[in-house]
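Dropping the structures in below, format is structure tokens.
The two complexes that follow have chain A in common; it is paired with chain B in the first and with chain C in the second.
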Partner chain A sequence: MTNPKNSIADKKTIPSIYPTKTKLQVTVIFFVILALYLFSMKKTTEDMVNGLDGALGNMFRVLAKFFPPNFEILKAIWNPMLETIQMAIIATTIAAIITIPLAILSARNVTTFKPLYYITRIFLNLLRTIPDVVLAVVFVGLFGIGIFPGILALIIFSLGILAKLISETIESVDMNPLEAMRASGANTLQMIWYALVPQIAPQFTSLVLYVFEINIRASVILGLVGAGGIGLTLNQQINFYNYPNAMTIIIVIFITVIIIEYISTKLREALL
Partner chain B sequence: MANLTLPPKPKNSLYKKTKTIIILILVAALYVWTFLSIDIDWARAMERAANNFHRVIPRLFDPDWSAMGDVSDKMFETVLIAFAGSVMAAILSIPLAFLAAKNMMGIFSVIGKWILSAIRAFPDIILAVLFVVAVGPTAFAGVLAIAIGSCGMLGKMFSEIIEQIDMDIVQAMQANGANRIQILFTAVFPQIIPEFLSYAIYRFEVDIRASSILGIVGAGGIGTMISFASSNRNWNEMGMILLAIIIVVSVIDFASAKIRSKIV
Partner chain C sequence: MIEFKDVNLVYPNGTQGLKNINVKINDGEFVVIVGLSGAGKSTFIRSINRLVTPTSGSLLVDNEDILKFRGKDLRKLRTKTGMIFQNYNLVKRSNVLKNVLAGRLGHTGTLRSIFNLYKKEDVSLAYESLKRVHIDEKIYNRADELSGGQQQRVSIARVLTQQPKYILADEPVASLDPPTSHQVMNYLRKINKEDKITTLVNLHFIDMAMEYADRIIGMRAGEVVFDGPVSEVTEKTFEEIYGRAIREDDLRGGAEQA
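Up next is the complex of A and B:
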């Protein structure tokens, strides 16, 4: 993308800020990306019945079926929506508690025993690669349909993110208080409690709130695989081709997510 | 030791104290409400877990290698969906980012910021549900969902980058009589392109994860196999799928981190 734009500048005898070799590299990369893009577009659209033009023309006609949304069902979706928020609250709380030992173990400056640090790091990295919905599918298979597998999936999913963010916060703390305490004979637990905790408490709360936002979005969709909450209701309405009802649910999700993100952003601004 | 005294603690104002107390009461009320009204059927969940445990967990760790061909085909499709979606999102989000950047649009940037946060409030999979209805259950529905879903976050990041550029260069060019197009190409773009690319590549990482689940609602990719495997209770195949996701996501995360550290 860079190159064609820079070549416009070149014509006006302004010396280019990039050497020729870089420009050649960028051109090659640009065409590789373009080729890959065209290839993936071809691959992803090849099994469409009417081809791309038919589908795009059709799209607006079908999307019009979602309107006007049927607001009469608001009463019925109130409960699943609250259930979704409760799932996120419980999961975030439990994840925030479990994450503390994990985060300390995966912080380079506190865990000086290298093998332990690397094992926790690799474990957390693997945990983060599994999408939340896949976790929910496995837990639904294990515990049956309901909110319990959903909460478990959210806990595991947010644990990976939270532990990584908090361990990075721990790694960036001021080590002087900890060393001063060690010099005056404090043990490891005392060091963590009196020197580390006060330094990371505001960031910790802020990150937990951030993960709560992520969990709200995640819990909304877990119901699609049977793990409770509003997603379950949405899935039923889509399967019954009841699009106006589905649109109402989508609007409710949208508003809830916006409100919770607004509150959480304000709280985080006040904290930091 | 006797005459060593601690410095006096800072006095909290009444306002601050009441604020803390109110927040604490609100949080406590939230938890009481949550734990009282949540309804988990423990007996049933535990009974099912006891019955299913040996059927699910050992099989997950014993992947079905015969499904490797199908799984790698679908995983490849997942990567293609994520790639096409990310490229589309990167292109779509550039005009949106300029619209939302305060130093480019002035007061009108509020409109752009609202559009972007509205897009971000939709979870990807909800968009996929809409697009599956609209264009049919194909991989292209996934591409559209990824493209629209990603341009919310990319547009926000891009607009923050644009807001941080060195405006002196822009002003110097204005003073020399350059028109808006010239300013855009020679003063703005060179400053933002490396970071743009870095965020676009980062978003590709996120999109790989997102596109691997879109198939659950019928939008193509490996998610299709996830929903088949779970409804057939074929946990060996699920183990293979999980393995494929873990490997592909790790490899792409690693490669993308390397590329990004080179660009910026």
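Up next is the complex of A and C:
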């Protein structure tokens, strides 16, 4: 490596904005990513020799079967839809409560006892690696078809996301007030309650609402594998080739999700 | 009474924070510790409430060696040593009254404090403290709505509410402008005289040290290089403490405006 200071002074030229090393790194990264794209393109084209030929025609044929939607079943799907929302509410609430200790234990700035921090981190990482559908399949196997296995799957699924996001929020707080509390003789619990909680409360609420949105959508998917709610009903209708009914269910889900997301977004805007 | 006996502090990275400190602080004194940044002023003051822990020697507060303290003893020590910080260290999203009440945490049980069940005396004490630093009209304002000087006054009120025996102030005016700095120092001085609270203040402004201190301790590279009443201090003393000539930025100025 040449000494950049000297080379600038010798040539008396304008220095470039980034050092040579950074430029080199960025170039290498660019070509690696390009190579990855080319590689995956080659793989997919091999699999899709027929291209989109059949798909377009099929699409209209399949779509036509869904119309017109059968709105007569609206009354019957009201209950499973509510069930789905209830699942999401219960699961999010329980997850939000269990998250608090886990998030604190997995925040490096608060949990200074390293082994405890690492154990919690590893545990949370393991939770996150399990896909929600797999959780649902396992719990349906254990407890049978219904909303209970669905709720359990959602709790574990949201715990993984929430604890991670909230522990990162905790790690970014201003530690000065905590120091002041410690200096005045407060114990750890008082420090957390007085100096930490006010700092993370808005983000905490916002993240819980966000996970609630995710849970509404996830519980529909979980229903497909037997974990109760509207997903279960949707799956039954599709299995019976009752597409007009399925279409009504899809529309109801669509509207519900939009309404809940709208409310949640407004609430979160007000909070932050 | 605070007594340092052969106190040394070596940080894990090998830096010697304190070197053979032997100092005795008498009750009721107003001591200003001066020195350049990195001289060990902060380490000195933070040893007294054990925010840092000296590695050898003994440090007596009211005739008890606090270097052995852990858990409950440590919290008890901290309830009688109030601290004021350069960055005020308030909870910005909480209101002024709640910030000031936090001074009572060390005296209040965990459950009581979590449910805001402070004793009536504590709340009225917090209010009286705010009145003493003339910021009682802001009790329901959020801390981040206040100016720097106001925030530092709230933090003084927090310390008053704690009813400590000692006040440790770590560069309390470094983030403030000259008039506000004098205001804050005046409050500290007044509290020292009225409540007989022993006060230790870290400063790097020579003129302020001279104006407010009873006694000056000079530090350089972790060592106490001067210790004496303010009457013995001359410009020469400061040049010895700083190890260089006195410059314009060693002075805060603005005394006549306060």
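Just so it is clear, the second predicted complex is superposed on the first by the 218 of 272 C-alpha atoms of A that agree within 3 Å, B and C clash if a C-alpha of one lies under 4 Å from a C-alpha of the other, contacts with A are read in each partner's own complex, and residues count from 1 in each chain.
Operating definition for what follows: a contact is a pair of C-beta atoms (placed from the backbone, for glycine too) under 8 Å apart; a residue touches a chain by one contact, two chains touch by 3 or more.
Quick caveat, the model's predicted, so the values are computed rather than measured.
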Partner chain in contact with A:59 - chain B first, chain C second, else both or neither: first
Partner chain(s) touched by A:221 [first = chain B, second = chain C, both, neither]: first
Chain B versus chain C as contact partner of A:67, first or second or both or neither: neither
Chain A residues touched by each partner, larger count belonging to chain B or chain C: B
Which of chain B and chain C A:234 touches, first, second, both or neither: first
First (chain B), second (chain C), both or neither touched by A:31: neither
Touched partner set for A:254, first chain B, second chain C, both or neither: first
First (chain B), second (chain C), both or neither touched by A:193: second
Which of chain B and chain C A:181 touches, first, second, both or neither: second
Touched partner set for A:78, first chain B, second chain C, both or neither: neither
Where chain A meets both chain C and chain B, residue numbers: none
Complex contact set, residues of chain B against chain A: 30-31, 34-35, 37-42, 44-45, 48-49, 52-53, 56-57, 60, 77, 80-81, 83-84, 87, 117-118, 121-123, 125-126, 129-131, 133-136, 138-140, 142-143, 185-186, 189-190, 193, 209-210, 212-213, 216-217, 220, 223, 226-227, 230, 233, 235, 238, 241-242, 245-246, 249-250, 253
Chain A partner contacts - residues on chain C that touch it in the complex: 49, 51, 75-79, 81-83, 85, 87, 89-94, 98, 102-103, 105-108, 110, 113-114, 155, 158-159, 162
Residues of chain A touching chain C in the complex: 174, 176-177, 179-187, 189-190, 193-195, 198-199, 201-202
Chain A to chain B touching residues, read off their complex: 1-2, 5-6, 8-9, 14, 17, 33, 36-37, 39-41, 43-45, 47-49, 52, 55-56, 58-59, 62-63, 65-66, 82-83, 86-87, 89-90, 93, 125-126, 129-134, 137-138, 140-144, 146-149, 151, 217-218, 220-221, 224-225, 234, 238, 243, 246, 250, 253-254, 257-258, 261
